[in-house]
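I have placed the structure first, in the form of structure tokens, so that the comments after it can refer back to it.
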């Protein structure tokens, strides 16, 4: 069942230790087949060096396991909510990467201070609202997903343009069109958080931040119909002047 | 004598350099056989790449070497006290890992600022009381163990729920049900200290810290009779909804 | 066409990940053949582990692609301007290395605080003027090159003596007599930025900085007709006293 | 000539990149044969991966090259002065390791804040006096050695008990009984500087620092006639209680 997607999700999970985004088993990637309404996710608490594609667990959009001998990630209900709330996303990543967690612990957004950030995130990466006592005590992981979606709605943030969040006092969730792109976004967030931390210590929060037109330029250089970065975007060929 | 435990302690020691927790020979792991009242510990000042299981030294609960051609770790009297004072622990680790030592040098607890911390430590990891001049000059390593135990008693901290301490101006000791779990706790402490340092610089000590209910949720998600993280905990199976 | 230069530029590009200067594809190196008026540059958005010398793109000094099946780096117009404005340089590097980007994000020059800096950069590495809205919206990459050249002119900085800049809110460009030397300068800048960040936190910007005579000593120890560092400089032999 | 010492110095040099103490060629190790009055030092500006034992250069205590086809390190006159001024030392290391250089750039001693420091350095590692304009312009490297020796004399520091210095706005020199021990001290200094930086940010310079009795305990646990750490010290055997 979904053998190709299992391979894809497995490979995306294995990128996490290679990109220095996880310690021990503290991370998980999922990917969805929108036609079938099923997603594939890493099992809970399994070491990366023992993981195989066969260990992946298949879950439906109500959060029920439909295939898999192991228990799915304990964060499965969060993934379920996000796939339901964010209709365009095809993959989700959760890690405890240390720079992103530092911002989450401090309750501080990762601000847009440079083009590295703007290339991927069209604005600050928000810290979610804190979960209430009730939201934590019952259906915690499901409520985590709901609070993420609520935060994006309240703050008017487009989840496709800012594919990342810091769950308050917890850590990052990122997403994307595919599991691979969600992993890419997890790494960009970690690097951006590292750069921002040092920039904020050098200059202070009020004094710095990219202007809207620089954010526009860099974000749309890599996204949308006028993107011209790389080999495959719509305008890549025409942008390279040829005699 | 205790060949299996020697293998286990040897392997746990070899995890320290792999997890980037030691420079040179600055770390040691021990593990105890509670039935026999004997523990096995790394020899003093031996390079990790020359260490063999046979080099491990067997010590009794009075601190006497009962087997081993090499001298045991100079911290052996600290291990001896901790095994006597903390009846449930099966392994102990000491390192000079740099983030934990930074907090120990500053005399600052590693506070509970996020779920990474709460997953393992049920509250702040305390800095021990400083040792007095007398405690340092005579029976120093033994007194180190006594001061750790005293600090936990005075502050009302349960050593099984917070399996780590920062010895003032020195560095971390961690423990656990097995040598392996003590090593795991040593790594979590180092990562938590790194995250906390940056969070404190971003937001200040007074303003942040997880609420009790988030601490409860994450700690008990991984510990005790209602734990549901991973494949083996009591509630893991029932937590994964299956059709 | 320019096979030797393609090899040289390819190898210089492959140094970037080895020196920990790039994440993903965020970096590029070019090298010029001044006689032919052509430069060779990395293609846009290609993974380093898939890159081959044949993928290199040949561009003329008007910015037209004259050979190459792939699109050149999206930063090609910046390289074109720099080769036109800075007549002595033979290679250019752009990265998003994190310490340099932190200073660029904060809009703070990398000051000359130590001999590591002075050995390579004869004064602070400047942050460029910010690009205006108009400069960003149209011909952005070309204007990036123009603003770099303008910053050096306005501030009276000799680009051969300070072969590096931080583009405001973006990141570093470095250059040198060859692609290899430009890569070397990119690494020195990253290391100097790391050292400077910590020194500034320890002591404050106003209180520290090398005096002119120390800058002179170290810069000219490695550059110009009286250089005596290494095996090949003019004065190296005479500087080593021999009986 | 001095083939064994060349091997020893070569191996000690090769430890520097393995211990993450050098970037490019920015480091050198020497070792002395006190009986012959000759020392062996790395050649100037040679890549570590091309270095061979045969490349080592032999120098006398007047700083004259007596054997070697390559030019010796440009820092040779500093080594010469130190071997003359510090009669007990057998090896010297110079690096540009980033944490030590950060303290040197800020003009701040690396204070004794923890036992990691106290195990090796019997007090703060001093920043040298700055060199004057005259001292820099003429016989710079020789004067660097003289200023180091003068700083130790003025501040009453015993070079055998504190085998390291930070040359102001430059970087660390360390030494020891052998080239290997000098390399060991270079690594300890780098680690101690990293720990101290973070501790100082957490707690402030005035509030922290080990008391004299803790410094005594840890330093003499590893040094002198009562040392008991490791397998070879005088008291190691008697310290391990045996039934």
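All chains are identified by letter, namely A, B, C and D, in their written order; residue positions are counted from 1 within each chain.
As a working rule, a contact is a pair of C-beta atoms (placed from the backbone, for glycine too) under 8 Å apart; a residue touches a chain by one contact, two chains touch by 3 or more.
From a predicted model like this one, the values you see are computed outputs, not experimental measurements.
Fewest steps needed to get from chain B to chain C, stepping only to touching chains, is 2. Traced through touching neighbours, the fewest hops from chain A to chain D number 2. Annotation: the chain A:chain B pair of sequence copies touches via predominantly different residues, less than half of the used numbers being shared.
Think of chain A turning onto chain C: fitted on CA atoms, that turn is 90 degrees, to the nearest 5. Using CA-based centroids throughout, the chain positioned farthest away from chain C is B.
The centroid of the Cα atoms in chain B and the matching centroid in chain D are 33 Å apart. Under the contact definition stated at the top, the residues of chain A that touch 2 or more other chains are 200-201. If you draw each protein chain as a dot and join the dots that touch, you get one closed loop, with every dot joined to exactly two others. All chain pairs that touch, listed by label, are A-B, A-C, B-D, C-D. Remark: chain C residues 113-116, 184, 187-188, 191, 194-203, 207-208, 210-211, 213-214, 217, 221, 228-231, 236-237, 239-243 touch chain D in the complex. Interface of chain C with chain A (complex): residues 23-24, 26, 43-46, 57, 60, 63-66, 70-72, 74, 76, 96, 98-99, 101-108, 131, 133, 136-137, 140, 169-171, 197, 200-201.
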